[in-house]
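Please go over the structures that come below.
Look for chain A in each of the two complexes below; its partner is chain B in the first and chain C in the second.
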Partner chain A sequence: MESLANLSSKNLERRNLKDRLFKGLVIFLSMLTISPIVLIIYKLIEKGIRQISFDFILKTPPDTFQAMTALSNGELIPGGIANGITGTLLMVTLASVIAIPVGVITGIYLYENPDKFMANITRNISDILQGVPSIVLGLIAYIWVVKPITSGFSALAGSVSLAIMMLPMIVRSTEETLKMIPQSIKEAALALGVPYYKVLLRVLIPTGFSGLLTGILLGISRILGETAPLMLTALGSSVINLDITKPTSAVPLLIWEFYNDPNMVDLIWSSSLLLMAMVLGLNLLSKRIAARTK
Partner chain B sequence: MNSDKITKAVLFASSFVILLIAGGMIFSLAGGAIPAIKAFGLKFIWANTWNPTEGQENYGALPFIAGTILTSIAALLISLPLSFSASLFLGEYFRGTRLARILGTMVDLLAGIPSIVYGLWGFYVLRPMLIAVGLPNQGFGIFTASIILAIMIIPYATSLSTEIITMVPGELKEAAYSLGATRTEVIFSVIVPSARSGIVAGYILSFGRALGETMAVTMLIGNANKIPDSFFGTGNTMASVIANQFGEADGLKLSSLIAIGLLLFLMTGVINSLGKFIIKKMG
Partner chain C sequence: MNENTVKIKDPVLSIRNLSVSYEKGKYAVNDVSADIKRNAVTAIMGPSGCGKSTMLRAINRMHELYENIETKGTLIMNGKDITHMPTIQLRRMAGMVFQRPNPFPTMSIYDNVVAGYKLNGIRMKRSERDDIVERSLRDVTLWDEVKDNLHRKGTFLSGGQQQRLCIARALAFDPEVILLDEPTSALDPVATAKIEDLLVKLKENYSILMVTHNMAQAARISDYSMFMYLGELVEYDKTKDMFTNPRDRRTEEYLTGKFG
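Here is the complex of A and B:
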C-alpha cells in the first residue's frame, strides 16, 4: 500500500518511536486509571483510622450537641456507628434470605432449559434488571412496601430494594457457574435413578458451590454500600433497631447523615473506612475463592 | 416420578418471579406517575420548569434529562482513553503477567467502592483541586460530577473490552507482525477493528451505568433545578433530583419524581438492551 517508502530506515525509526511512545502512553494512562483507588484508600486511612476503636463499633452516634462540645474541646467525637452496623447486617441478611433462594432456583431453571422461550425471556429481563439504577429500586420498594405494608419507612422496605438489586446478579452467576460443570456428573446421577430434585440439591449445587458462593459474596458486597435506595425506604434511625417494620439505619445512611451535619462531619472518614473494609474484603474474598477453584 | 414434576414446576415458577418483578415495576411506576401525567400530559418530558410553589405547582423533566445526558456523555468521553488504555494493558501488553493481575484486581475494586465514598472523595479532594484551577460555583457542577462518574464507570468498559481484546485470534496478529507491523500498528489495524463491536458494547453498558448513578452525582452536581447553562455550570440529574427532593415530596411532586424514575428506568432499559444486543450479535 505505502509501497517501498516503508522500507526506508528513517521511516522505520519514526514508526518504532511512535510504537514506544504509544506503549508509554498506555502504561501512563493505566496507572492514572487505578490511581483513584489508591488515593481514596489513603485518604480514608489518613483521616479515619484515629476514630476506629471498640467504642466505634459498639456505641451509637452522639447527638449533634455532644459532638460539637467534643469538637470545641479538640477531642475525638465520642460514640460510634453500632446502629448502622446492626442495620446494615439486618437488611443485608434479610435481602440475602429473599434473593438467594429465588436467584439460585431461577439460575438452575435457566441452566436446565437453556433454549426454552421462557428461559430466554427470563435471561434477558434479568439482564435488564441488573442495569436498573438503584434509586429506581428505592422508589419501587417505597411503592410496594413503605406505603401499603409497613405504612412507614422500614428495614423491610430497604431489604426489598436490596433484594431486587441482588436477585439478577445471583441468577446470572448461578447459571454461569452451572454451565461449567460437566454434563456427565449430572447424567451419572440420573442414570442411578436419583430423583431429579436430589440431583439438583446433592449433585449440582455442591459441585458448583464455590462458584455460587463467589456470586453471592459479590452480590452482597455490591449491596453493602448502597445508599440511595435506603434513603427512600429505611430512612435511618439514631438507635439500634432490629424490628423490620421500623425505620432503621445503615452504615452508608449514617455517612450521609454525618456528611450533612457540620458537627459530625469528622465521623464520615472512619465510617467510610469501615464500610470500604467490609466491601473490599468481601470482594477480595470472592476473587480468592474463584481463583482457587479454577 | 411425581417429585420430578414438582421440581420442574418449582423451577418454572421461580423464573416467573423475575418476570413479575419487572412487570410489577413498570406497572407500579406508571401507576405512581399517573397524577403527574394527568396534570401535565406528555409535555412533562420536554417541559423546562420545576416549580414546587404551592398553588402553582408545575413540573417538567427536561432539566434533569438534559443534566443526565450531559454528565453521562462527558463521563463516557473522559473514561474512554483511560479504560481503553487499561484494557490494552491487561489484554495485550502485559497479558497473563503478575502485573496485569494486580492492575486487573485494582480496576475491579474501583467497581466495589460505594457511590457515597466516591462522593466524599469528590467533595473533599477533587473539588478543592478544581477550585484551585478556577472552576466556578465552588467547584460544584456538571464537570466535577462527570469526572467522578468517569472513574466509577471505568471498570465496566474495561472488563468487557479486555475480554474481547484477549479473544482476538493470535494468527491475525502474527500475520500483521510478519508483514513488519509494529505493535501499535497491530493494535490499531488488527486488534481494534476485530474487537470493535465488543469495545463499543462495553462503552454502551458503562454509559447505562452512568445514567443512573445517584449519590456521588448528588453530592457534586450542585443540585440546581434548571438546564445547565454551561459545561461547568450546576444542574441536576434524574437520579439526583429524586434523591434530593424525595424527602419532602408528596402529592403532585412525589408523582412527578416517580414519573422521572419511570423515564430513567426506560432509558437505562433501552441502553442496556442495545449493549446486550450488540454482544449477542457477536456471538
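Here is the complex of A and C:
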C-alpha cells in the first residue's frame, strides 16, 4: 500500500511539473504572438506622433526642397497627406459601393441554393478569388479599366481592384451570417404568410445585420492598406483629386513615395500611424458590433 | 375514412386523403382523412417520426417552399376548398405556433404581435394596431406582464412568455384554426401549465389542433385525439373514449407505454 501511495505522489509531482511547463510554453507563445503588434504600435507612436497635427490631415505633402530645408533647420516637415486621405476615402467608398451589393446578393444566392451546381461553382470561385495576389488584381483592373475605360490611371481603376479584393470576404460573411440564423425564425415569418423575398429583406437580413456589417467592416479594413494594386491603377497624385477618372493618391501609396525620398522619411511613420489607427479602429468597431448582438 | 375515425358535425377543417412525401414513394403522411371539431382542442399523438409535424405543416402549406416535398390531398375550411388558396390568405386563417418559441429577435414585443400585418405591408391606423396588440396579448394572458414594456425586445422575455407571445402573434390575425407543434416541449412545468390553461380558454373563440408527444397533456386538455403511426392515422376519437377504450391494438400499446 505504501509503495503505491509513494508512486502516485511521485506521479503527481511529475504531472504538476508537466502542467507548469506547458502553461509556461503557452504563455511564452502567446507573448510571441502579440509582441509584433505591440512593438509596431509602439514604434509608430514613438516615431510618428510628432508629425501628427491638423496640417498633417489638411495639407498636401511638401516638395523635396521644402522637406530638406525643414530637416536642415531641425524643424518638423511641413504639409501633410490630405491627398492620400481623400484618395483612400474616395476609393474605399467606391469599392464598397461596388462590392457590398454584389457581395451581399451573391451571399444570399449561395445561402438560398446551397447545393445548386451554379452555387457550388460560385462559392469555389469566390474562395479562389480570395487567394489571388493583390498585385494580380491590380493588373486585371489595369486591363479592364485603366486602358479601355478611363484611358489612363484612375481612382475608378483602383476602386475596381479593391472591390474585387473585398468581394469574396463579403460573399462568405453574408452566407455564413444567414446560415447562423435559426431556421425557426424564417419559418415563423413564412407561417404568417409573408412572401419569401420579404422574409429575406425584412426578417433575415435585419436579424443578421450585425454579422453582415462585421464582414463588411473587416473587408474594408483589409483593403485600406493595399498598395500593390493601386500602383498599377490609381498611380498617385500630388494634389487632392476627387475625379474618379483621374490618377489619385492613397495613404499607402504616399508611404511608398515617402520611402523613396530620403528627405521625407519622417512622414512614413506618421502616415503609417494614421493608417494603422484607421485599420485598428475598424477592427475594434466590428468586434464591438459582433459582441453587442451575441 | 377508416372505421376508427370519429364523425364530426360542421367541422372547421376537413382533411381529405392527405399524403406528404419527402422522397419519392415514401410517405411521411399517408392518406390521412379527418374532420377537425370547431371550438375544441384536438391533439395529434404518436411516437417520434410518425408524421405529426409533417401533417400539421401540410395544413399550413409550409412545404410549398421545398421542391422535393410532394403533397397530395384536399383541405376544406368552413366548407370552402382551401387547397389552392393564396398562402397569405390561408395562413391568416391558420396560425402556426412552433416547438421552440421564435419571436423575431429584432422586433419589440409590440411589433412581434403585429408582425403578420407589418411584414405583409398591411396598413392600418395606429389605434387599430394598438387594439390588436392589446386584444392578442390579453388573449394569451401576457398583457399585464408586459404592458409597460411593449417596446422592449421580445427576446428579453422568459421562455414561457416568449411562447405566449408567439401564440399572440398567431392570434393577431384572428385565425379560424391555431396549429401548434409541441408548443410546450421546450418549457418548464409551470410555463407548460400556463399554456395548457390558455389553450383550454382559447377554444371558446378558436379551434385548436395541437401536436403533442405527451399523452398526459393530451388527456388533460384535448377534447379529441388522433393517434398516428408510421404516417397513418390509426385512430381518431373523443379523447375520453380513446384513453378509456382504444379500438386499435397499436393505440392501446402506445397509450399503455409499450412503445413510443
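Simple rule for what comes next: the second predicted complex is superposed on the first by the 269 of 294 C-alpha atoms of A that agree within 3 Å, B and C clash if a C-alpha of one lies under 4 Å from a C-alpha of the other, contacts with A are read in each partner's own complex, and residues count from 1 in each chain.
As a convention for this text, a contact is a pair of C-beta atoms (placed from the backbone, for glycine too) under 8 Å apart; a residue touches a chain by one contact, two chains touch by 3 or more.
Just so we're clear, the structure is a prediction, and the values are computed from it rather than from any experiment.
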Exercise for the section: Identify the partner contact of A:217: answer first if only chain B is touched, second if only chain C is, both if each is, neither if none is. Expected result: neither
Practice task
Answer with first, second, both or neither: which of chain B and chain C does A:110 touch in the superposed model?
Solution key: first
Problem - First, second, both or neither for A:206, with chain B first and chain C second - result: second
Practice task
Look at A:256 in the shared chain and tell me whether it touches chain B only, chain C only, both, or neither; answer first, second, both or neither.
Solution key: first
Exercise for the section: Examine A:118 and indicate which partner it touches, taking first as chain B and second as chain C; both and neither are also allowed. Expected result: first
Exercise for the section: Report for A:91: first if it touches chain B alone, second if chain C alone, otherwise both or neither. Expected result: neither
Practice task
Check whether A:184 is in contact with chain B, with chain C, with both or with neither, and answer first, second, both or neither.
Solution key: second
Handout entry: Residue contacts on chain A - larger count, chain B or chain C
Key = B
Practice task
Could you say whether A:196 touches chain B, chain C, both of them, or neither, answering first, second, both or neither?
Solution key: both
Practice task
Name the residues of chain A shared by its contacts with chain B and its contacts with chain C.
Solution key: 195-196
Problem - For the chain A and chain B complex, residues of the former touching the latter - result: 6, 15-16, 18-19, 22-23, 25-30, 32-34, 36-40, 43-44, 102, 105-106, 108-110, 112-113, 118-119, 121-122, 124-136, 138-140, 143-144, 164, 167-168, 171, 195-197, 200, 221-222, 224-228, 231-232, 252, 255-256, 259, 268-269, 272, 275-276, 279-280, 283-284, 287
Exercise for the section: Would you tell me which residues of chain B are touching chain A in their complex? Expected result: 3-4, 6-8, 10-12, 14-15, 17-19, 21-22, 24-25, 28-29, 31-32, 81-83, 85-86, 88-89, 93, 103, 105-110, 112-121, 123-125, 151, 154, 158, 180, 182-185, 187, 205, 208-209, 211-215, 219, 239, 242-243, 246-247, 257-258, 261, 264-265, 268-269, 271-273, 276
Completion exercise
Given the complex, residues on chain A that touch chain C span 182, 184-185, 187-196, 198-199, 202-203, 206-207, 209
Practice task
Sort out for me which residues of chain C touch chain A in the complex.
Solution key: 60, 62, 65, 87-92, 95-96, 98-100, 102-106, 115-116, 119-121, 166, 169-170, 173
